[in-house]
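The same chain A turns up in both complexes below, where it pairs with chain B and then with chain C.
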Partner chain A sequence: MTETLVASLVAIPLLGALLVVASGLVSERGPPVVAAAVLAVQTALAGWVGSRAIVDGSLSNEVGGFVAPYGIELVVDGLSAVVVALVAAVSLAVLAYAVRDDPGGTAFYTEYLLLVTGLSGMCVTADVFNLYVFLEISGLATYALVASAGTGRSAVAALKYLLFGTVAASLYLLGVGYALVATGTLNMAHLAVELARVGYDSPLVLASFGFIVVGLATKTALFPLHTWQPDAYDDSPDSVSALIAALVSTVAAYALLRILYTVYTPAFFEAVPVARDALVAFACVSIVVGSVLAVAQSEVKRMLAYSSVSQYGLVVVGLAIGTRAAVFGAIVHLVGHAIMKGGLFVAAGTIDDLTGATTVDEYAGLADRFPVVGGASAVLMLAMVGVPPAVGFAGKWYIALGAVRAGTWPVAVVVFASTLLTLAYFAILVERMFVAPASASVQATTDGGTDAEGDRPSRPAPALVALIVGAAVVALVLGVAVTDLQTALEPTLDTLLS
Partner chain B sequence: MTDIASLRPALAVAVAAVAVVPILASGRRPNVREGWTVIAAASAFALVASMLPGALDGTVLVSSLGTLVDGVELTLRADPLGLLFGTVASLLWLVTSFYSIGYMRGLDEHAQTRYFAAFAASVAAALGVAFAANLVTLFVFYELLTVATYPLVTHDETAEARAAGRKYLAYTFGGGVAVLAGTVLVATMTGTTAFTAGGIAGLAGADPVLARAAFVLLIGGFGVKAALMPLHSWLPDAMVAPTPVSGLLHAVAVVKSGVFGIARVVLDVFGVDLTGSLGLGLPLAVVAAATLLLASVIALRQDNLKRRLAFSTVSQLSYIVLGIAILDPTSIVGGLLHIPAHAFMKLTLFFTAGAIHVETHTDDISDMAGIGKRMPLTMLAFGVAAAGMAGIPLVAGFVSKWYLLLGSVSAEQSIFAVVLLLSGVLNIAYFWPVFYQAFFESEDAADAKPLVEFPLGGEERSIRSDSGPDPDPVTDGGHADERNEHADDDHATHDHATHDHHGGPPADGWERRGWRGRESTWFMLGPILAAMTGAVVLGVVPGTAVFLRLVKVIVAAATGVSV
Partner chain C sequence: MIELIATKYTYLVVVALLAIGAYVMIESDNFVKKIIGLNVFQTGIFVFFISAAFHTAGESPVVQSGGGGGPFVSPLPHVLILTAIVVGVSLTAVALGLVVRIYESYGTINEDTLKEVLAND
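Take a look at the complex of A and B:
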């Protein structure tokens, strides 16, 4: 019974999108309500299916009854459970912000639910071509969401993202094509067996690996394939940036993990060590360069975007090193980063609404005027730096432990240095918010006079404050509960790493 | 030692941490807010003190807070070494709370709620560092200590304070990263990071290159907070913070957490024997000795009193590190005993500097001739504490120095005994002029300060403000000369429209205030005299004051030798 529910993880948001269109024809308030209801159901369902998957072992479902490898198989193991639940919960939380921030029309909510469909589909599919389909669905929905601000800049950002994203997905498809030519199957489990049989050093297999990794790395926005990301994050509506920062690259990194370990398996890395070394080097460069570029930013949302480039570098380093601790650390950091970055984007959007402040200098003195928002943001920033006991520290600890155990000393040094690099840009923000004299935009709110730029609320909406504080609390709780997550994911990690 | 599960170690940390909430909530009612601070300090001290008798007898209370990350328990364990640091921190927090009230109200400072809340959080983190049972728990609280003290360093919110805060974060987080790296190495080599008296067994059999690397990383990381040269330069700049912060945190809690970390690494992670056989004791001792002497020489040239005290702190912390690095049981007793001894003495000195600042707005030694008329009790306390710093008997510094000297001779490293004696002379050289000029020089005929700037034989001048511009003494940073620059950062945010912002005596010379305490508020005088008395008690009856007994128990457990 639960197995059929796996398919509904994809079906429900998809049908929900249609329902949104229908309700939009009837009433103007219909779409947000329907979207909220659908996402609530999706969260409950993801929680239920996920807990069953963790407790009872992975669940699989063959869509339409067609047997793999001809049919599409959907599989939920411990890892997919965590990520699909994350997608559902975060999209529900950000919806609360989206409704307040930029009440879009029917199209906006339809695209929102289509994005959730695509992301959930990516999490549960066990077929590499099906992954491509969902990748494209989520991509198209994201391009539309980025452009929904209606400004010229958002249109350009969306176009840039579309060009990069389509090329990336096409590269991924090319890689899948090579794999199909080599093995004749698209099902992940079968591919694993067949690729081993064909031989990991066959040019077809190597080519497919290369294309797939580059395609997914672009979607994850690793340096130097990241250039679509700062514009997309900065120029899209604030709620959309929160959603895509938290989820889109996260699921792309998840897809990379899935393909590396379920399709290519650790045996591939042992047969072709240069592939591992290249991926590790690539990710290390991303860690360092992302942070360096972040320090140079004056716009806060762009700073957060370059920060993501660095943090995903950390995740991919953990994936590539391949020891158990490192892979678990990558998963922890993936989930933790989604929460922390999502919370920070919601905070940035809230602050923009309250004061119009979007640059680091304009943030000066914010914490005096808005202590709760400022305090929760500082907690999130320090959590990203890696101050214990928050989740940022936990992820880094495991990745560092894995790196040291694997004997890759330069990587370990880079992982430790990433704390200081992250500190470099977040310390500037924390200092501005707490210790610098108030900037003109912040002072305008305290004076309480009429604001030339229109009505600005004088206090942040309680729901938004709750979201930001909630994100900070979850970041701390996750940091402390990491060992429970480890116990839950033991069997999944065993399967992945064998 | 028997371990008994108990809530008390966790409760001591929690009392201080939880106090942040009512302090923040009662921001509008200052007396209630200060009441919360005092209650929290008293409760924390009571809890810590209640664990002392048991620890002296061999019963150690342990609070287990669950698993933080794989294989690492977040555990707080009130063992003798932890209680040494914990007692010092909690007792002196109580004393400093009263002093803070006097100081902050005397200057009508801004953001007092944030100040008291951050103070409570800092002490909670310091207690967490003290009671940590393994390297990872210590790292967690070490980082939280940095976060909690940052708002205190940048309290003034001036450009200078912000720059000091940035330097502080960069240095201390850098140190934290080194500690994390060393911790990960130890965890990889031995599978555990728990503190074990005599050292973690697995390290003895591990690869010596990795073991040395882990030692260097850990000592370097803790050495930042312990102000070992060349990692010390955050400390003089952090003197821009309010004086109670400089006193309790940057002379007692934060810097002592650094030396405490070094003590833990040498005694409970590597063990004295392994440190010696890896050949790491001598290099560390050389670094400590160099810091000792260099910092004392630099202190001679400081005109700003707090900066002089900062360099004195840098120098005195290396006494502790030297004592531990000599690896002889007697010297370790001396080093560890210096933790409470220096804490009491240095706190007294910083409190006197703060009282002088509040009462007369004087920060530079060159403006303090004759100030003994205006603040006799304060300067008397200064003299007593300074005597202790130099190692004069009957004050605490002598006892710890005695053990250090004996230990270095018995370990056949007498060069360090010479270094210590030389440092004593230098201490006198930079403290004695301050005391002497306060009581035995007058504002009209003061010997120019600092000592080293002016021709031998001295140069007489008047420091009264109506005697025309004098050439600026050369200062090594700190606050700009207050007579010639009106924009003094420290005063920028004060409501002192009617006060003269210039330091130094008023036009008619110092007022005579008498010896009955009319020189300042008892909120400040009381703690000054209390800290001074503590220093004297430790010097006169060290065997009865609990610290020496505690230290002997620690060293017996760590080295197997009873001193």
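Take a look at the complex of A and C:
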């Protein structure tokens, strides 16, 4: 019974997207309500299926009754359970922001649900070509969502993202082609066996690894393949920035984890140590350069975007090191980053709506005027820096621990340095908000009514405050609950790392 | 060497298509041409899959009653590429839609001109 529900994790948001179109024909108020209902069902379902998968072991469903490895298999194990639940819960939470901020209309909510479809599909699929299809579905939905701001700038950002994203997905497809030529199969578990039989030093296998990693690293936005990402986050509507910053690259990084450990397996890294070293070096550069670029930004949304480049570098370092602690740390940081960055983008959007402040300098004195929003954002920023007991600390701690245990000291140093670098850009922002005298735009809202546009709300909407505070609370609670998560993921990690 | 070229020339086509597509995407400053480059690049990948599926004297994989026959061609790469073509068409449609939006906003589809317009914005 639960097995068949695995397919509905993809089917429900897909059908929901059609329902949204239908409801849009009936009433203008229909689409947001239908989208919320669909995502609530999806969240409940993801929670239920996920908890089953963690308690009873992985669930698999052969789509259409075609037997794996010939047919497409959908699998939910402990890891995909966590990510699919994250996708459902975060998209439901961000929808509460999108209905206020929304660029509107039936098309927006349809694209929103299609994005959830693609991301959920990427989480549960156990077939490398099926992963490509879901990668493109989520890509197409994201390009449309980025452009939904309706401005020329957002169209330019979306086109740039589309060109990068499509080439990335095409490179991934080429890698899949090489693997198919080498082995004749597309099923992930079957590929693991067949690739080992072909031999990890075969040029076909090595080339497929290279293409797939570069493709997914572009989607994850690692330096120097990140150039699409700051524009896409900065120029899209605020609610869309929050959604894609929290989820899209996260799921791409999850796909990279899945490919590395389910398809190529740790034995590949044993046989080809240069692949591991290259990945570690690539990610370390991304950590450092991403942080440095973030420090150099004056726009808050761009700073948050470059910060993501650095944080995903950390995740990939954890994956590449491949010790148990490092991989677990990467998973924790992946989930933690999604929640913290999503919360921070909602906060940045809310502050923009309230005061028009978008740059670091304009944030001056903000905490006096809006203590709750300012305080919760500061908590999220410090959590991202890695102040215990927040989840940012837990993730970085496990990654550093894994690096030390693997004996890769330079990586451990980079991980600790990244904490300082993260502090470098968030400390400026916190200092502005809490210490500096109020900026002109913040001052204007304090005086009330003097604002030129005159249509700004005087206080943040309760739902948005709840969202930002909620993200801060989850970031703290997850940090405390991380040992429980470790226990829950123990069997999955055993399978992945064996 | 000659024999290799004579039998595997489709792979040379793949390399040429990938290179031309990537070059056009990088070098052209016209957005529509960039999208054409993208299409050429993707076509290179399609040809790769189809070439890989080729089998001399391979039959279409329809097993007659009672079995037997063969060798059969694997139908899988063809099916994959049908899907990939559909994906490519949708991407082209979205990309061209975005180019129309850019033209409506800025009156240009030239990357360099657009940069100047955005810098003055």
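We take it that the second predicted complex is superposed on the first by the 495 of 498 C-alpha atoms of A that agree within 3 Å, B and C clash if a C-alpha of one lies under 4 Å from a C-alpha of the other, contacts with A are read in each partner's own complex, and residues count from 1 in each chain.
By our rule, a residue touches a chain if its C-beta (ideal position, glycine included) is under 8 Å from a C-beta of that chain, and two chains touch if they have at least 3 such contacts.
None of the values given here were measured: they were computed from a predicted structure.
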Contacts of A:Phe129 with chain B and chain C, given as first, second, both or neither: second
Chain B versus chain C as contact partner of A:Leu159, first or second or both or neither: second
First (chain B), second (chain C), both or neither touched by A:Leu382: first
Touched partner set for A:Thr151, first chain B, second chain C, both or neither: second
Touched partner set for A:Pro224, first chain B, second chain C, both or neither: neither
Overlap of chain C and chain B interfaces on chain A (superposed complexes): none
Of all residues in chain A, those that touch chain B in their complex: 325, 382, 385, 387-389, 393-394, 397-398, 400-401, 404-405, 412-413, 416-417, 419-420, 423, 427, 431, 434-437, 480, 482-483, 486
Interfacial residue positions of chain B with respect to chain A in the complex: 66-70, 74, 136, 139-140, 143-144, 147, 151, 154, 157, 161-162, 165-166, 169-170, 173-174, 176-177, 180-181, 184-185, 187-188
Of chain A, residues touching chain C in the complex: 129, 132-133, 136, 139-140, 143-144, 147, 151-153, 155-156, 158-159, 162-163, 166-167, 170, 173-174, 177, 180-181, 184, 186
Complex contact set, residues of chain C against chain A: 22, 25, 31, 34, 38, 41-42, 45, 48-49, 52, 74, 76-77, 80, 83-84, 87, 90-91, 94-95, 98-99, 101-102, 104-106, 114, 118, 121
